[in-house]
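This is the structure, below, for whatever I ask next.
Going by the order they are written in, the chains are A, B, C and D; count residues from 1 in each one.
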Amino acid sequence: MAIRTVVWGENVHEHKNRTVAELYPRGMHQCIADALNADPAISATTATLQEAEHGLPAARLAQTDVLIWWGHAAHGDVRDDVVDRVADAVWGGMGLIVLHSGHFSKIFKKLMGAPCNLSWREAGERERLWLTSRNHPIAAGLPDHFELENEEMYGDPFGVPDPLETVFVSWFQGGEVFRSGLTYRRGAGNIFYFRPGHETYPTYHDANVQLVLRNSVKWAHNPAARIADPNAAPNRPVESALEPITARGGSLHVAGEEGFR
Amino acid sequence: MAIRTVVWGENVHEHKNRTVAELYPRGMHQCIADALNADPAISATTATLQEAEHGLPAARLAQTDVLIWWGHAAHGDVRDDVVDRVADAVWGGMGLIVLHSGHFSKIFKKLMGAPCNLSWREAGERERLWLTSRNHPIAAGLPDHFELENEEMYGDPFGVPDPLETVFVSWFQGGEVFRSGLTYRRGAGNIFYFRPGHETYPTYHDANVQLVLRNSVKWAHNPAARIADPNAAPNRPVESALEPITARGGSLHVAGEEGFR
Amino acid sequence: MAIRTVVWGENVHEHKNRTVAELYPRGMHQCIADALNADPAISATTATLQEAEHGLPAARLAQTDVLIWWGHAAHGDVRDDVVDRVADAVWGGMGLIVLHSGHFSKIFKKLMGAPCNLSWREAGERERLWLTSRNHPIAAGLPDHFELENEEMYGDPFGVPDPLETVFVSWFQGGEVFRSGLTYRRGAGNIFYFRPGHETYPTYHDANVQLVLRNSVKWAHNPAARIADPNAAPNRPVESALEPITARGGSLHVAGEEGFR
Amino acid sequence: MAIRTVVWGENVHEHKNRTVAELYPRGMHQCIADALNADPAISATTATLQEAEHGLPAARLAQTDVLIWWGHAAHGDVRDDVVDRVADAVWGGMGLIVLHSGHFSKIFKKLMGAPCNLSWREAGERERLWLTSRNHPIAAGLPDHFELENEEMYGDPFGVPDPLETVFVSWFQGGEVFRSGLTYRRGAGNIFYFRPGHETYPTYHDANVQLVLRNSVKWAHNPAARIADPNAAPNRPVESALEPITARGGSLHVAGEEGFR
């Protein structure tokens, strides 16, 4: 079965900025979904901020293998309950790919536990992405480096936890570097942050970028059944301990009681 | 100068449960602070839930090198603004040591970005902590293993991100294991989670536990000046780029504008 | 195409110790290969110490997707040139799964860069393996824990680098713990260490162990084409630099010269 | 007591290349040692390839807290027994700082278990090192970036394991990037790789580079007593098990026997 992927787009600048509208007439989210659907192993649809529950009701998330997140101007408008729902889905095994300005999205900050800040410059300068890890599945089919002639600069220090793996590092024409492709795991969910994608440039039309997106969907996909309650903290009663023990000492809890949270 | 350490205690069960009151007549936080002050390199004071701003006003956090956190029954009563303030302090360089049931505290869950759940049993069973990494500074002076004759069981899977380092793993009499000592870094702040410390047992009177606490305060201490704004995302204007570049392409921002958050 | 897997067995104790011979009449390597071949996605064959080039000539390694390594009494008899060849294959993308006493094999020590030591006891005691990470692909289909009624004990501290991920931790009846399932990446190769498998017990007949082996083969498999020379250190001449530069300052090398190694 | 530091220099090009000789008339190793000795917390001496046992007899290593390694043209001339001795010292707790072309030294390759390869260009181009982690102790007192006007280029992919922490990333004028400051731990030893330092440029006279070197010596220093035998794999006999057990099942070893290696 194809990997059920939802591309979430903030869908704001497409309607406010003429450059963005011309580059992405059907929205950035649709451009990304089209690039994913070029691979029969992926089945991508879209969701946007403006839809009910931002297009991410619980029933849909339950049927989503991988979620891609692009947001920028309206991070603050995303409902906290939807963010919590997405986090639970990730902890239960849904893959998550966070793009570009999504570094400051509520969901990314929540999952990183870190400031996620960086320095930036919007000058349409050249970005060159280098692999740090040859043959990483996210880099399958890519050369050792590829260029985006016009991109926004993001500069390190990037306020994220040290990742499991650094897959890409970017060189910028104006003199900065940035760790552009980083993998994490939170609960049973695989997370990939991928830097490129400023809305005033044609980044998501780039063939190498599209290849990274397809690769990362496959990498992030965890085929195991979603964990029903990723926050459960079960009590293991004395009488059913795997090795025979007898309760000793003082206690706070009576038998069968839930733990404190 | 001694490491300025604040031991934060929830300070609830000491007043409600007779066993706890007898074990810790001046509160668990005071017992821990006393153990730390036995080392002249540490200067420890206490703060509790019941104090104004939970004893953690901004001015005090600014003068705190390392914060130790013990909470259990009243996680939900901790004010969100204080949690955010503590997270900012950690990101700016304050060390944080989270103890036992603090795995479900707001601050730990916020910094981990993960469910932080586990299984548990309150049976006063034997726990044996094993070093996984000899001569780690947090384990300085400890043997390869030490025992706590009566402890609550916490069992893996423990819903936290894979750590930088696993320092301790616990064996439990009833048949479970737990990764009991884990290091993380978030922003400029060092974080250590240490499992033992159920309130109905005399854990914080144990000499080995006290040694781990003193060691971990020294390990977590970052002597660098606190980062003033750990969330800053500075714009680096084209005209002051380190390498000469010229702005090209479309743009969203006018000169001098703040980025979206 | 099925994942081409070679199970390497030292094949010594099967011929010297009656217990081992009875448990594994066709050798431990054949028992493991049979367990893998139960899955049509895997095509497993065997190789042994006694064969020419230990059954691992260059041409065969070039056609091997994943290598499984079991050795114990004869680590020192493995030829260094074969070890170097296996390391090159791993760095170029071959998966490697090291089992039990393989912790002291030349290939594992070479790839870890660490002592790989541990404590041990051969008493046929109970081992219980706990997942630390639910839904990890290596643990697909497993319960949160499973038992081996008779196993050799291995105890932490285990002298290996902190892994990418800790997948299993073992509890032992005699009071020890051990990090039993660890993932690493070296070059383009995925590496998994899995603890169980002492030759005097029927461990490789256990259904859960066999499932871990099948899962780990799939996890370790990197479908990308093998990197031809994983040790290459190419010179990038000034005249073909991606950004125009002019050579400046002193130099050691004349144009076209190889670097020092 | 000051941190006893030995700066190991290959000491070849200083005698063969006029540029190098003029930049480092007393040798690169002496220049580095002088920079370290500017800090009273460090006591640095030197050792070179040409001395007996390369200046690293066992008795001296036993008194060395941190070893710094610079080599390039003569990696192959370093005796294997000295390399093994250094590895044992690291595993036992000695800090190790590997500089620049030391990426291809026997000791670094042994400790990394990876190819340690990279691309390179000797053109005296500009390198700009960026912090990725503010307030990391190795970066104490440094600005967010600093420049070396003339350096050799090293380019990613860099064939090393993903590190514990990435501390620096370099930007190169010719268009490449490189992960320039990486931390590892092997056994009880802290390891730091730091990229700059091509011998035909005055890198080790640079104040920022000297500060990194001093910081990294302090970071790498493990004050615990050296582990006597970092390769020991002790048997824990049944009769002294921490929990009472009885031996069961088949066995390979008779009581008191050493394990296989």
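Descriptive notes on the structure:
Note that a contact is a pair of C-beta atoms (placed from the backbone, for glycine too) under 8 Å apart; a residue touches a chain by one contact, two chains touch by 3 or more.
The model shown is predicted, which means the values in this text are computed figures rather than measured ones.
Shared contact partners of chain C and chain D are A, B. Of all chains, the one whose mean C-alpha position sits at the greatest distance from that of chain C is B. Distance between chain centres (mean CA atoms), chain A to chain C: 31 Å. Per-chain Cα centroids separate chain A from chain D by 36 Å. Chain centres here are Cα averages; for chain A and chain B they lie 27 Å apart.
Taken residue by residue, chain C touches two or more other chains at 128, 133-134, 155, 162, 164-165, 175-176, 185, 187, 242, whereas all remaining positions touch fewer. Interface residues of chain B, counted against chain D in their complex, comprise 93, 128, 133-137, 140, 145, 164-165, 185, 187-188, 222-224, 227, 242. Looking at the complex, you find that chain C touches chain B at residues 128, 130-134, 144, 155-158, 162-166, 169-172, 175-177, 179. Put simply, chain C touches chain D in their complex at residues 13, 17, 19-20, 23, 72-73, 75-76, 87, 91, 101, 104, 110-115, 117-125, 150, 153, 155, 159, 161-162, 164, 173-176, 184-187, 199-201, 230-238, 241-243, 245-253, 259-261.
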